[in-house]
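So that you can tell them apart, the chains are marked A, B, C and D in the order they are listed, and the count of residues begins at 1 in each.
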Amino acid sequence: MNIEALQIFWPFSIFVIMLFVIGIYYVLATYNLIRALLGLEIMIKAITLLLIVAGYVSGHVALAQSLVITLIVIEVVAITVSVGIVLGIHSHTNSLDTRNLLEKTHEG
Amino acid sequence: MSLLIVIPFFSILVFNLPFLKTLRKAIFIWSIFLFLSQIVLSCCSISPSFLTKFAKPLHLFNFNLNLDGLGVIMLFLSATILLFTLIVSHSFIKEEKRRFNFITLLLFTLSALNGLVMVRDIFSLYIFVEITAIISYVLIAFDKDMRAMSAVFKYVILSTVASILMVSSIAIVLLLTGDTNFTVIYEALHMSGVNPLMMLALSLFVCGLFIKAGLVPFHGWLPEVYSYSSASVSILLAGILSKALGVYTLIRVLKNVFGLTSQIGTILLVVGTASILIGAFGALAQKNFKKMLAYSSISQVGYIIVGLASLNPLGFIGAVFHFFNHSIFKSLLFVNSAGLEKEIGTTDMAHLGGLSKRMPITATTSVLGILSAAGIPPLAGFWSKLLIIIALFVSGHYVYGIIAIFASVLTLAYLLSMQRMVFFGKLNEKFISVKEAGFSIVLPAIILGAIIVGVGVLYPLVFKALILLLA
Amino acid sequence: MILNIFILILLVIAALWMVMTRSLLRSAIGLALVSLVLTIIMFRLSSPLAAVFELSVCAGLIPVLFISTISLTYPLSKQEMMEHFKARLRRFWYLPVLVVIVGVILSLLKIKPDITLPLPESAKDVRDVLWNLRPIYLIGQIIVLLAGAFGVVILFKDSKKDEH
Amino acid sequence: MINNAYLPLSLTLIIALPLVASALVLLIPTRWKSIKGLVSFTVALVTLLISILIYRNNFSFSFPWIGFGLDISLRLYPFSAFIVTAAQGFAVLVSLFSIKFMEGREHEGQFYSYLLITLGLTSGAVLADNLLLLLFFWEGLLLVLFGMIAVGGKEAFRSATKAFIINGVTDLCMMSGILLAGYLAHTFIISKMNLPATGLGALAFVLIMIGAISKSGSMPFHTWIPDAALAAPLPFMAFVPGAIEKLIGIYFLTRITLDIFKLSAGSTLSVLLMWIGGLTLLFAVMMALIQKNYKRLLSYHAISQVGYMILGVGTAVPIGIIGGLFHMINNAIYKSGLFLTAGSVEKQTGTTSLEELGGLGRKMPITFICFLITALSISGVWPFNGFFSKEYIYDAAIGKGLIFYVMAALGSFFTAASFLKLGHAAFLGKLQERNQKIKESSVSMLIPMIVLAAFCIFFGLYNSVAVKIFEPIVQASYTGKETHFIFNISPMLAAITGIILALAVLNHLLGVKLGKDGLHASDHIRNAPIISWIYTKAEKRWFDPYEIAMKLLKVFSAILLWIDRRVNWISDVFMVKVSYSIGSAIRRVHLANYPVYLIWGILGFAAVTLFLIH
């Protein structure tokens, strides 16, 4: 099983990398705060997949699953807090544009 | 030892019970008691026999925790700086409800930091890093100031990317070794020898920690976050949080998991030197007290990393010692900036001047902090910088050593010019009625200043204790 | 194996749709779709428990969170949206090309990781791992949940106060 | 003689007592201001007594402090004992002088406190037998220097910063040099170090040398001294640049040439030192000649005289080194004496600008006599002490090359000329209206001056005493070659010196004739071209060659001034500007949004990964 499992590792990691590229691109190119968070979410999906694959290939499925469950919990909390921050910014500027974050008035 | 995590956490639960609302007023006293007892505990732990004797009966849960000398130093630092943050915040946050919330967050921080220090499992390390990061988001955004909010959003993005890098590294490690325990990974990696996949894992993890530590070129978020968070929070952030998240974990992971090889040493050397220089030059041009301190923070963290990169025990001790010193003097300087913010309402240096007559204690302690940061004998910062520079020379990194010395002069230059702009010179008419900051700000400043002088003068003792702890 | 590849391609397409779609709301739904496909892969990789978790939390809770956030903020008008969409398209049409190129290059590389796999684990059950071997993960989860709840309470309260 | 058991204690006391007392002085409330001077005087006196008691002991002790070769180890032997005693002597005199002088001035307490710290740190640096410990005290001195100049007031802060930057940079060189030397020798204990001055050793030597000569105020690290002269209190000038820095700088220079490195006579480094010495003494004295302020004129001489010492020590032959050391102590004596006379004049008249002085000789006779003796000494007139030390240096220099002798002799000429001018302008000539009512200074200010003047005469008459003091120091390094040094003044050189002095007097008389009074006695040197235009027809024959020489000289000093200012500009403006522009570039880059930061991170990650995988 191990040799066979090893063979699926590379195809899966190709897709993990592709997901990662999508996520990074999204975060970099978007002008919307919520979309930036969504981009982060895609990246987190990518590593969830990577964890599961790693667990499957190495035969440590149970450990990998417990890691993934913990990861999901942390992810939810992190995203919730970030959403709270986005709402806070929205209440200040009434927009979700990331360009509002620029330091326009710098000292000196 | 698990109690160190559980007690603060449990007390949060108790204080938040809806039918115990009357108890909430005691949270201030209780948290001071907690911090103080942790300080005492960590001070006692300097003798190793105490550690083993004390740790055994506390082993309630099977958490796979461990405490070594570095951990003891971290426990001491986190409790000390949390204590001072608490005291300083007392004069900033007046409303009862908000104060309760703030203290609860501090207790969360204590619990998370203690966990971070003691875990011996790479995924638990990630968990506690993430908890600490989440709490720090809330702390920075606590004052719901727009600039702090936008700063924290940048921090959230970069920090989450860092976490993602760390987890992908963990996934690769899981693939290679089938476990997340430090010792297991260490042995497995050393059995298998050099492997490109392992190198990828190392690079992912280390880069994640570089982002968290705010090292050049991963430091973009740091200046804004430090300078726009509220006064007491920036003490906490600069003093312990980002150091624990980035630097401590870096030391821990390199030492216990991946091993300090000459390759990683070169990377640390380059990154550290870049941080030292860019931080110092960046600080030179700043017009805001807190922003200057933020850049100076980048530069000082660079010293720690460079000390680590010298790959010899002396450099390691120097790095840990500088870590300690940096936490102390940087939080001292931020306490002083809190004093300014409290009494004057701005930290923009263009508007300040001549305050040493009005705020003598703040001015004096900030001189202490500055001289320690610049490495002037006999203050604490001098010794750690000396150790690091000697270590660099011993390892044959002459160029880097000379750069480190040069940057030390730059540090003195920008901090002295800051001191001049803020405290010396002509007193602005507006500030004629300014008073010395309140007791809750002056007291931490004095204690921290005393620590700087004490550690500097009693250097032999401290150094012996460090060797005892880290050997 | 071919089925796996097919599902993975589906995953990437879902992600691309989520990125390229013009409405924020659809984007959030796209996230749910991505999670859904991921869940299927997890099932196929014999990780049912994690898959269930993913399904309930990531495909359920997080999109709901985003959607409620979007509804709390002010939506754009139709015209604005079209302009916005055109501007976005100019920035985003590189992405599918980039993704395909990355995929092709990586699959042409044919890297065979030369690794020796570790011994298989002793514990076969997730519950065993979490409860008996790694209780610290559970403690960590509890702390992070509480801290998050607490933080959200603080943040939301503040932002509400600000609105008034 | 003191019992041996007390030696460690007394050595520690010498260092610690002034340091503790300085804190005490600060703590004394402002109401009892007058006590502060007394306290510092007493403490200096006590330490002086201690060092006189233990003077003849040869002794070293150490106790572990930090490890890594950094122990507190002190060593008392004739050389260090002499320097410490001399420093304490000066501290006693200067604090006695200051009691009256500083009365009623701002920051009086701070001044005494700094004075005592300086004393303690100097003793520490001189007694230290460990280079790192020495460095510790040395850096401490730097900080005190900053504080001491800054006491002067607003303007002084600028000069203080300048002094701090210049000395900070050179101390940095010294620090690197010491680390390098320690690395080469595998120890930091001075008495165990013995390095060849070649290769890396030469680099270490040059680095340490920069620190040492900069401390003593040699060119090109001198620019802060004239600035400080106007800003800082006069007793400070008498104490620090006048005495202490010469003592400690030349002391350390001698240590590195004699003990740590074995500098052989005629080696490149020795020639380098001699050139530095020669150029310093010549250029600084030419700057001094055209000054119109008592203090500034003296401060340029403080630089110029260092040149003689460096020249003497740089020859690396026994007679030169002894001459250099002898000149060091002589210079400390007469230069602080001169500064004290300046202090006395300033206290009584309220100014040191030569244009407002004149004819003071009748009003302040004792000050005038003291000035006369010290000025004759510095000009090298027989039988005062300056004559003998200079003759030794001439003797050594002529053996190493005529050019050095010529520079030294020219320096001597200008020294004499400038002091003739100074004396004439300040003490002779017409009494100004505003100075009609002045009186002689008080006794406590006169005593130090008299003592110093007396020492000038003493060391002149009994010059063999001095040679005996320095003999064992040099002897230790030249064992086996010559055991006794008996120096005779070469009659020919003495005669040339006499001629030079006579020429200087002639020149002065000429200057007075041309410039109408003492103040403008040097104007014929300064403004020579214009004067020459007036006198062309009458005295063409006489003046032409002289004029050309003087014109060249003026251009030369203008160029020197220009270089002086440029060096200044580099340290003051250029460095600061460059760093600030780098800094603001960095700041501008950091006003970006998170994608930029993220891209930096990704690029960094890519670099790290590529590096690690390959």
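Here is the rule we go by: a residue touches a chain if its C-beta (ideal position, glycine included) is under 8 Å from a C-beta of that chain, and two chains touch if they have at least 3 such contacts.
This structure is a prediction, so every number in the text was calculated from the model and none was measured.
**Student:** Kindly list the shared contact partners of subunit B and subunit C, in label order.
**Tutor:** Chains touching both subunit B and subunit C: A.
**Student:** Between subunit A and subunit C, what is the separation of their C-alpha centroids in Å?
**Tutor:** Using C-alpha averages as centres, the distance is 6 Å.
**Student:** So what's the Cα centroid distance for subunit C and subunit D, whole Å?
**Tutor:** 73
**Student:** What whole-number Å value describes the gap between the mean CA coordinates of subunit A and subunit D?
**Tutor:** 67
**Student:** So how far apart, in whole Å, are subunit B and subunit D when each is placed at the average of its C-alpha atoms?
**Tutor:** Distance between chain centres, rounded to whole Å: 45 Å.
**Student:** What positions in subunit C touch 2 or more of the other chains?
**Tutor:** Residues 113, 115, 117-118, 120-121, 134, 137, 140-141, 144, 147-148, 151, 155, 158-159, 162 of subunit C each touch two or more of the other chains.
**Student:** Scan subunit A for residues touching two or more other chains and write them down.
**Tutor:** Touching at least two other chains: 9, 27, 29, 53, 55, 57-60, 63-64, 67, 70, 74, 77-78, 81, 84-86, 88, 92, 101, 103.
**Student:** Which subunit B residues sit where two or more other chains touch them?
**Tutor:** 123, 127, 130-131, 134, 137-138, 141, 144, 153-154, 157, 161, 175-176, 178-179, 286
**Student:** How do the chains pair up in terms of touching? List each pair.
**Tutor:** Applying the touch criterion to every chain pair yields A-B, A-C, A-D, B-C, B-D.
**Student:** Of all residues in subunit A, which touch subunit C in the complex?
**Tutor:** Residues in contact with subunit C: 2, 6, 8-12, 14-15, 17-19, 21-23, 25-26, 29-30, 32, 34-35, 37-39, 41-42, 45, 48-49, 52-53, 55-70, 72-81, 83-88, 90-92, 94, 96.
**Student:** Report the residues of subunit A in contact with subunit B in the complex, numbered from low to high.
**Tutor:** Those residues of subunit A that touch subunit B are 9, 27, 33, 36, 40, 43-44, 46-47, 50-51, 53-55, 57-60, 63-64, 67, 70-71, 74, 77-78, 81-82, 84-86, 88-89, 92-93, 100-101, 103, 107-108.
**Student:** Spell out the residues on subunit C that touch subunit B in their complex, using ranges where they run on.
**Tutor:** Against subunit B, the touching part of subunit C is residues 113-121, 132, 134-137, 139-141, 143-144, 146-148, 150-151, 154-155, 158-159, 161-162.
**Student:** Which bits of subunit C are touching subunit A when the two form their complex?
**Tutor:** Touching subunit A from subunit C are residues 1, 4-5, 8-9, 11-12, 15-16, 18-19, 24, 27-28, 31, 34-35, 38, 41-42, 45-47, 49-50, 53-54, 57-58, 61-62, 65-66, 69-70, 72-74, 88, 91-92, 95, 98-99, 102-103, 106-107, 110-113, 115, 117-118, 120-121, 123-126, 128-130, 134, 137, 140-141, 144-145, 147-148, 151-152, 155-156, 158-159, 162-163.
**Student:** Give the list of subunit D residues in touch with subunit A in this complex.
**Tutor:** Contacts found on subunit D: 587, 591-595, 598-599, 602.
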